[in-house]
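Input: structures, listed below.
In the two complexes that follow, chain A is the common piece, with chain B as its partner first and chain C second.
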Partner chain A sequence: MLKYILRRLLMIIPVLLGAIIVVFTINYFSTTDPAMVKLGLSASDPVKLEAMRETMGLNRPYIVQLGEYLWNLLHGNLGDSYVYSKTVWELLGNRIPNTLRIGLGAMVISVCVGIPLGLVAALHQNSALDYITTAIAVFMNAMPGFLVAVLLMIVFGLKLQWLPTSGADSAKSFILPIIAAGIGPICQDARMTRSSVLEVIRQDYVRTARAKGIAEGKVITRHVLKNSLIPILTMVGSGLGTCLAGSILVEMIFNIPGMGMLINSSIMSKDFITVQGCVVICAIVVALANLLTDLAYAFVDPRIMAQYTGGNKKKKKAEEAA
Partner chain B sequence: MSLLEIKDLTIHFPTEEGDVRAVNGISLSVEEGKTLGLVGETGAGKTTTALGILRLVPEPGEIENGSIVYKGKDILSMQEKEVQDIRGNEISMIFQDPMTALNPVMTVGDQVAEVILRHQNCSKTEAQKRMVDILAKVGIGADRAGDYPHQFSGGMKQRVVIATALACNPKLLLADEPTTALDVTIQAQVMEMINELKAEFQTSMILITHDLGIVAESCDSVAIMYAGQIVEYGSLEDIFDHTTHPYTIGLFGSIPSLEKKVHRLQPISGLMPDPVNLPTGCCFHPRCPYADERCAQEAPAAAEVSPGHLCRCHYWETVRGKEAEDNV
Partner chain C sequence: MAVKTKTKPAEEDGVRLKKRSNFGEVWHRLRKNKLSMACLIFLTVLILGIIFSTWITPYDYTAQDLMSRFQLPSAAHPFGTDDYGRDLLTRLLVGGRYTLLIAILSVAIGIVFGMIIGALCGFFGKWIDSTLMRIMDVIMSIPGMMLAICISVALGSGVFNTALALAVGTIPMIARQLRSSTMLINGQEYIEAARSFGESNFRIIMTHVIPNTLAPIIVQTSLYIGGSIMGIAGLSFLGLGVQPPTPEWGNILNNGLDYIYDFSTRWNVIVFPALVIVLAELAFNLLGDGLRDAMDPRMRK
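And then the complex of A and B:
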């Protein structure tokens, strides 16, 4: 198993490398001149501009610049912002926690609300409860995130005045953003859980469990749920990526200084090195989330575990016997 | 009194295409320690009958009519909790397909121990011990109890299914084609094992099969099912030596005999009727060589050929006479 985790960690490297090269290349070939962005108003002086290009190393060939970026990245250096006199990492540092709070918060509520909802719908298939849950899930899933966010703000922030509508001052400030970012994943998890449970509940082994005299509640928790977890896990795992992407919108609406806001303002001010840094961080987070999902499969399903361990157990047994 | 007495059991599946009439008023009884063979083609309603006994008919199926009296109590009028106490404990079932009957994410030991823990008031360690014992009885070593179903072959999985069914020493075993999914070489082993364990535990059994060979080896009485009805019912000798119903005769005609020289097997022509549109009159009349208008109009009642030997055919006497002539 450990061997497998290490192998999977190694396999993340080419994925990240690919993502980094793509972002870097787009940035490199964009018509924006970083030296111009950095100089701001004084960029009109061609001598200064040329000098700046030289100090930033922009006159070197593409491959050298890429190599340097990767080398710096390896040392945890994401480069210096074009706009602020700070490193990208300094800009990102205190924003990542805010974004992760929203992203993970949305993931947690999607699991805690979506899965039970889907389960209830599946267990009462074709009942009014099922139709209502499914209809709401489809409706909310189709509703754009910004609309949900604005509605939440109006209702809970302005009308009821229960929760703050902007800023990241207290834990309370995160409630509405988390709900806004979580609504989509909740609906997706609910629908995935419903279909997955419905599939499993008709399997022969569920009938076997009932024929053993096991009470229905235990049949569901012991035999149905664990078997229907794989597609749900996939959904939850990929949900983190969705939540991160959704955070750009949510952070802007709720005015939360997170990575999403940073990406947005950096694009606006053409601070592409910062955008690049944000994308790299997101890529790492998503790659790790995928790895965790894959590992979770193995703990749920012994057949997948067997593929990973590749018959090591049998060998061990044989050795013990000998 | 019989251990199990089924009367007029009717199970229908209301669907959008119409009522699927899977089981249509069957009556049978199982004596203590005896084996009843339930024989018929695919789709005759054998499995549905067995599931009906456990009240596990899948949706949208409904038990419309009849009674299933087990030890003097009607299962159909029991509370769900009472039925759960019986399932796996007093009446247990061996399922047809061992490949899908076991939970893939639970070790086989846990699956066997689960039923013991559920019914036998005992500690976990005690349940583990009994689980190892019963697995040993079906020929699976204790070292394999921690393995998952995907690590077992089909025959081994069926052994696990049998162990699960026998774990609580049930009074009645419903064996639904226990050997159909297995290799011929394994079939004999499994049947032998079931019969040995059955004898050891004094268990009664309803053996569902379409294999008349297995019936001849293991059954005391036989019920031949066709289109949700029992067309012929009697002791093993009644059915094998005094075959009366044209359908049963057809079944015997479709298997090769060691004693008689036969050029070609004579399969029953035609197909099993669609349970949504069962034929009028006798369900077998479209395929029956003896059928006439009366058979198409009027459903035959069960006639008593000899004490305990029932046959649902208007012309059983004619059929009987003809068969006797042929056999001379």
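And then the complex of A and C:
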């Protein structure tokens, strides 16, 4: 087991490195000149602009700049903001918890609500309950998260005035954002669970289990659910990225000081290195989530771990599941 | 996988359905799906309305009328007017041109690149496959929305740039799918035959591999367009994407959201853009689901 964990841990390093390089490269070829943003109004002076480019190290070759960025990142330094005289981390650091709270909260409710809903819908296939669940899931899936946020805010915040509409002062102010960011993943999890369970429920071994007289509850938990968990896990794991992205959009509606607000204000002020920092942080969080998903695979399905030690078959298996 | 399942029933029913083409078969099954047909009709009406918007509403989408700001729906303005007194229906119809153009363009970019990469990987295998697929893994490891934000920030606003920003995230998904279906057909006789005729690899990929793997992707176009519409709305919401005064569903909605605290009196600037986005996306998604079921009846229920 330890060997498996270690190998997975080592495997996320190149992917993460690649992701950071991609993000850096995209920003490197940006049409906006960071020196111009930093100078603001005095950027019209070409001498000053050139001097600023020199001090910011923008005239150095791509590979040197990339190396420096990676080296700094290794030390927890995401670079200096173009607009404020602060490092990106100073701007970003205390905002990450709010975003994570919403993102993880959304993920938790998506698992706690989505999977049981999908399971119930699959077990009562073609019943009214199934149709209603599926219809709602399809409809809500088409709603952008921030639109759900707007609706929730209008109904529960403005009309009923049950919950606060802005700020992050109390736990109460996180309820609506979490629901808003979680609704999309809930629907995805529910749909995925339904189809995955439906595929398993017709297998011969389920029939055999029933024929052996095992209690229905046990058949479902031991035989059906356990075998349909792999695609569901994949969905849940990749759902964290959706949850985080959803959180970023939802924060702005509820005026919660998280990464979303920072991204928005950085876009407005063209402080693109901060945006880059936010994306890098998200990529790291998602990579860790993927790692946890992979570890969960091994717990759910011992075959995967066995295959894994045998070679590179695990990847193919995961692809088939996805 | 899809290729295999697609050809099988046709062979079995070969005697009965001799003349019906593959496409005809899909269309025949799709027509039985009432929900999908309703979506198709809705989308056709919507697209016709968008194309012929100048004949539908008498207003100019940029014409400001400050005397009639925030009017609620009436006979003169079916969807009411916005904060500059512009007719909302006109703006939504014209905005649809940009939204749908970006959505379709982004999916087209994604399919072209995904197709090339997927076919190359599946056909050649070995180091080409592992290199390109690792790159795809890396792109997939960044959340799609974050990637779109990043690219959109770097490239700036505009129709093509926004489309490109949204497309990059879809390339790996399409490439993966095409790779696996290419691998499936790679060992088939007609590829061997083509090779034995001395056809170049490029020609085999172009005339045999891609046409035979494309069908499932084409079917999913509808789903991808739905996803793109959502992505565009998200980008617009963050102040990226197409910039006002050019109308686009996302930025019309975003503009309306400034007045969320006056919802009881100015609800139309939020409700109508939101409704258009959700309905269009829903229609594309449901049509996509229907098409997928029609392509592969085994998956159904």
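In the analysis below, the second predicted complex is superposed on the first by the 305 of 322 C-alpha atoms of A that agree within 3 Å, B and C clash if a C-alpha of one lies under 4 Å from a C-alpha of the other, contacts with A are read in each partner's own complex, and residues count from 1 in each chain.
In this text, a contact is a pair of C-beta atoms (placed from the backbone, for glycine too) under 8 Å apart; a residue touches a chain by one contact, two chains touch by 3 or more.
Keep in mind that what you see is a predicted model, and the values were worked out from it rather than measured.
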Remark   = Partner touching more residues of chain A, chain B vs chain C, is chain C
Task = Pick one for A:D204: touches chain B only (first), chain C only (second), both, or neither.
result = first
Ask   = Just chain B (first), just chain C (second), both, or neither: which does A:I26 touch?
value = second
Request  = Name the contact category of A:D130: first (chain B only), second (chain C only), both, or neither.
outcome  = neither
Query = Which residues, counting only chain B, touch chain A once they are in their complex?
reply = 54, 56, 58, 84-89, 92-93, 95, 97, 100-107, 114-115, 118-119, 143, 148, 150-151, 161, 164
Key: chain A - residues contacting chain B, complex   = 202-205, 207-215, 222-223, 226-227, 300-303, 306, 317
Ask   = Which part of chain A faces chain C closely enough to touch in the complex?
value = 14-16, 18-19, 21-23, 26-27, 29-32, 125-126, 138-139, 141-144, 146-147, 150, 153-154, 158, 241-242, 244-245, 248-249, 252-253, 263-264, 267-268, 272, 275-276, 278-279, 282-283, 286-287, 290, 319
Message = Quick check on the complex: what are the chain C residues that touch chain A?
response = 134-135, 137-139, 141-147, 149-151, 153-156, 176, 180, 226, 230, 233-234, 237-240, 253, 257, 260-261, 263, 270, 274, 277-278, 281-282, 285-286, 289, 301
